[in-house]
Amino acid sequence: MSIQLLISGISLGAVYALVAVGFAVVFSVMKFSNFAHGGMISACAYAAFYFQRAFTPPPPIYITILFSAAFGVLLSLVIDTIAYRRLRTKQSPNIYYFLASITMSILIVNFLTIFYGKNLYAFPPIFSSTTFHIGSIRFSSMDTLILLISLGILAILVFFIDKTRVGLAIRSVAINPQVSKLMGINPDVTIMTVFAIAGALAGISGVLLAMKLSVYPTLGSQMMIKGFVASVIGGLGSLSGAIIAAIFLGIFEIFLTFYLGSLSTPIVLFGAMLVFLAVRPSGIAGRFAQEKV
Amino acid sequence: MKPVILKTTNLHKNFGGVKAVSDFSFEVREGEILAIIGPNGAGKTTIFNLLSKIYEPDSGTIEFDGRDITKTSQIDVARLGISRTFQNARLFTGLNVLDNVKVALDYNARYSLIEAMLMLPRRWKYEKETSRAAKECLELLNLYEYADKRPDNLPYGLQRRVEIARALVVNPKVLMLDEPAAGLNPEEVFQLMDFLREIREKYPETAILIIEHRMDLVMNICEYIYVQDFGVTIAKGEPAEIQCNPHVLKAYLGEED
Amino acid sequence: MTAYQLSLVMLACISVITVSGVFTMTSLAGMFSLGQAAYMSICAYLTFVLARYLDWPIWFTAILGLLASGLVAFIISLPALKLRRDYFALLSVGFGEMVGAIVILLGKWTNAAVGFSKIPKVNGLVWIVLGITVLIVFMVRNLKYSRFGRMAIALKTDEIAARSFGINVYRLKVKIYVIASIIAGVGGICFGLRNRVIAPDSFDWSLSAEMQILLFFGGTNSLSGSAVSAASLKVLPELLKGVKLFGMELQDFKTIIYCVLIILIINFRTKGLMGEQEFSLAPIKKLAKKLNRQHKKEIAK
């Protein structure tokens, strides 16, 4: 029993990790919390849902994921252009980014609500049987698939950030934009890359969440809160911290839900987070994005 | 000799291996005007940040008015009467000039949140008092006509002066001015010197600490000078001594062949 | 006035109350919270549930409710306000979720998601609400022009500089947050009295976000500006009920239109419509003085 719970928790945590990393990537470079991420996830989930339904027979799942990721990239860049670019050139204070991102999120959710209603749409099943057995342990096919996909994507992303030139550019802009500019890194291109990555992650997590739960307008905003929690507990801006925190959060939540019921879970989660941040305000990674003196 | 008001012994501060300030010992007497000079990166602003407790010193002690303030918080140090300006005029842009000066007195005004919200008599009384003190200070620095302007709409020279007013209004025991003449034109520098002399007269007890690059100002106004280079005090003395000190010339002008 | 018009007036008033609360927090002290609706919820539920089950008079339970929201705000803020502003905003979202969950958990008394509707009818409610609104706006205005307002604006601009003028940034933030939450609670009680039903859904984070939007629309630092925008933007869509454009209900698009407006404002008129200006009586006063002077001159002649 508890191994199943553990797997299911890790699987949930892996999706949270995708969301959290999408958050953390933007935060590390832009130093603001991109609340629009939640809206993007919802929008991508809808896009994937209609894409899946548009074809008979439905396309294989990886095509849908690719489509959704591409859609996410596009959406993310559009949001950047509409909401943030002008703020950047004006060098507006942080709070405006914050407000703009929340507004974009609400905008998307409302848009979806008006045109598609508040109904839940179930994603068409991709497996004929929902579980499989290894030895005596029963696994949920969906959870396992989601776990594998998320871990794969996270691995690619970590490799990309750590080992490629573009990743290096992102890291250096995150640390010091002025110096990076002097070193010949174009900050605008880097910022666009970051938004593209965030968009792709939103797209992928949108499909996975849609498969796991179902499609509804506030899907993304709910998950975004979890992702944000993870990225904060992990230490805002730290990718590895966010991933670890997200997986712990997933496990914690599944066990809490199992033993306490789904109602008490948010209460305990919030309490735990408050205590954690009171004790260790810099998060797991301990890298505190300190405001400049 | 007047009593010592502020004194440090063997102050150290490192930033990730870089010695910003090392072994800094000095003392300031009541009413004295003292300058800390030195090339860029000599750790002068770090000394101010240590004295006003924005930074914690790695080792060493700071004594103020006979008591050890090495462990005192930034807020309490300010309340004890060490007041400062910043290198880049950190005025509160959301407040007008008068309010910028008033806000320095506000922690001390004795009316509560409830009294403030309901406009009770004590609010009136203390608001009046604060306004009067702030206006007096603005007048002293010739800023009265700008009282209801926003500081970010003022020319830089005036902003610097507003900052001095804000630091001065609390009648501090030690007033620290971080490069007050930076960005001023020569005429404004003369004005500044006049203001400093006036402040000296009006607040005879207040010790003034100045970080400055402009030698004309330092040499004309200050009674004692510490010269810093790479975090170390390389010379100290009265202006006349400093002017012909070979170490100072070397630090300032570089090796001359 | 018809009952419908009266209810619109109350709607506007409640909006003004809650936005004034957010004003103290965001415009004065620069704290950005998406959890203010939770304080409305706490206060409203306590007031009406206690009044119903303990048979206590409503004004008394209302005071208890307000004290409770102040107390909760105090406890939450002690760890939360030591954190960065982003963290704080996040915590506020989590806090809102938590309060919603608690309300459902206590379904035995609160009637869970269905909503609690055993709210007494108050006669002449509109006058009471109007009076409260005026009082709240008056108090927030006074706060802005007091030492607390000045210190708050100072810490919003530059915390380190604020500290170096003896301002206890942390304590001031806690105080302001508690005040803001109590004002939100007042809004919550009025909300319940007007609607006669409260449900966890009525107070979710989108309501908190809406308050922030209304505030920024009117002007980031203008109390009068945001009060006017709070009232008008809340009532306007009600007046547009039934108006159709291209075959679609215009009212459905209310939020979308607001969002687009906000994005435009943030990008093109960064400080909100009124910016930092207040609507003021100064021009009228000047005119009065001038007339007075002329009058005196005439007398002198």
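In this document, chain identifiers A, B and C correspond to the written order of the chains, with residue numbering beginning at 1 in each.
Everything that follows uses one rule, which is that contacts are C-beta pairs under 8 Å (C-beta built on N, C-alpha and C of every residue); 3 or more make two chains touch, one makes a residue touch a chain.
Just so we're clear, the structure is a prediction, and the values are computed from it rather than from any experiment.
S.K.: Closest chain to the protein CA centroid?
M.R.: Looking at where each chain's C-alpha mean falls, the closest to the middle is C.
S.K.: Where the centre means the average of the CA atoms, what chain is farthest from chain A?
M.R.: Using the mean of the C-alpha atoms as each chain's centre, the farthest one from chain A is B.
S.K.: Between chain A and chain C, tell me the centre distance in angstrom, where each centre is the average of that chain's C-alpha atoms.
M.R.: Roughly 31 Å separates the two chain centres.
S.K.: In angstrom, rounded to a whole number, how far apart do the mean CA points of chain B and chain C lie?
M.R.: 40
S.K.: Could you grab the centroid distance between chain A and chain B? Build each centroid from C-alpha atoms only and quote it in angstrom.
M.R.: So the centre of chain A lies 48 Å away from the centre of chain B.
S.K.: Where in chain A do residues touch two or more other chains at once?
M.R.: 293
S.K.: Two or more other chains touching the same residue: where does that happen in chain C?
M.R.: If we look for residues of chain C contacting two or more partner chains, we find 160.
S.K.: What are the residue numbers in chain B that touch two or more other chains?
M.R.: Chain B, residues with two or more chain partners: 54.
S.K.: Report the residues of chain C in contact with chain A in the complex, numbered from low to high.
M.R.: 30, 32, 34, 76, 79-80, 82-87, 89-91, 93-95, 97-98, 100-102, 104-105, 159-160, 205-206, 209, 212-213, 216, 252-253, 255-256, 259-260, 262-263, 266-268, 270
S.K.: Within their complex, state which residues of chain A touch chain C.
M.R.: 27, 32-33, 82-83, 86-87, 90, 92, 94-96, 98-100, 102-104, 106-107, 110-111, 114, 221, 225, 228-229, 232, 236, 263-267, 269-271, 273-275, 277-278, 281, 289, 291, 293
S.K.: Chain C touches which residues of chain B in the complex?
M.R.: Those residues of chain B that touch chain C are 52, 54, 74-75, 78-79, 83-84, 86, 90, 92-95, 99, 102-104, 106-109, 111, 113, 116-119, 123, 126-127, 130, 166, 170.
S.K.: Help me check something: in the complex, which residues belonging to chain C touch chain B?
M.R.: Chain C residues touching chain B: 139-140, 142-143, 146-151, 153-154, 156-158, 160-169, 175, 179, 221, 276.
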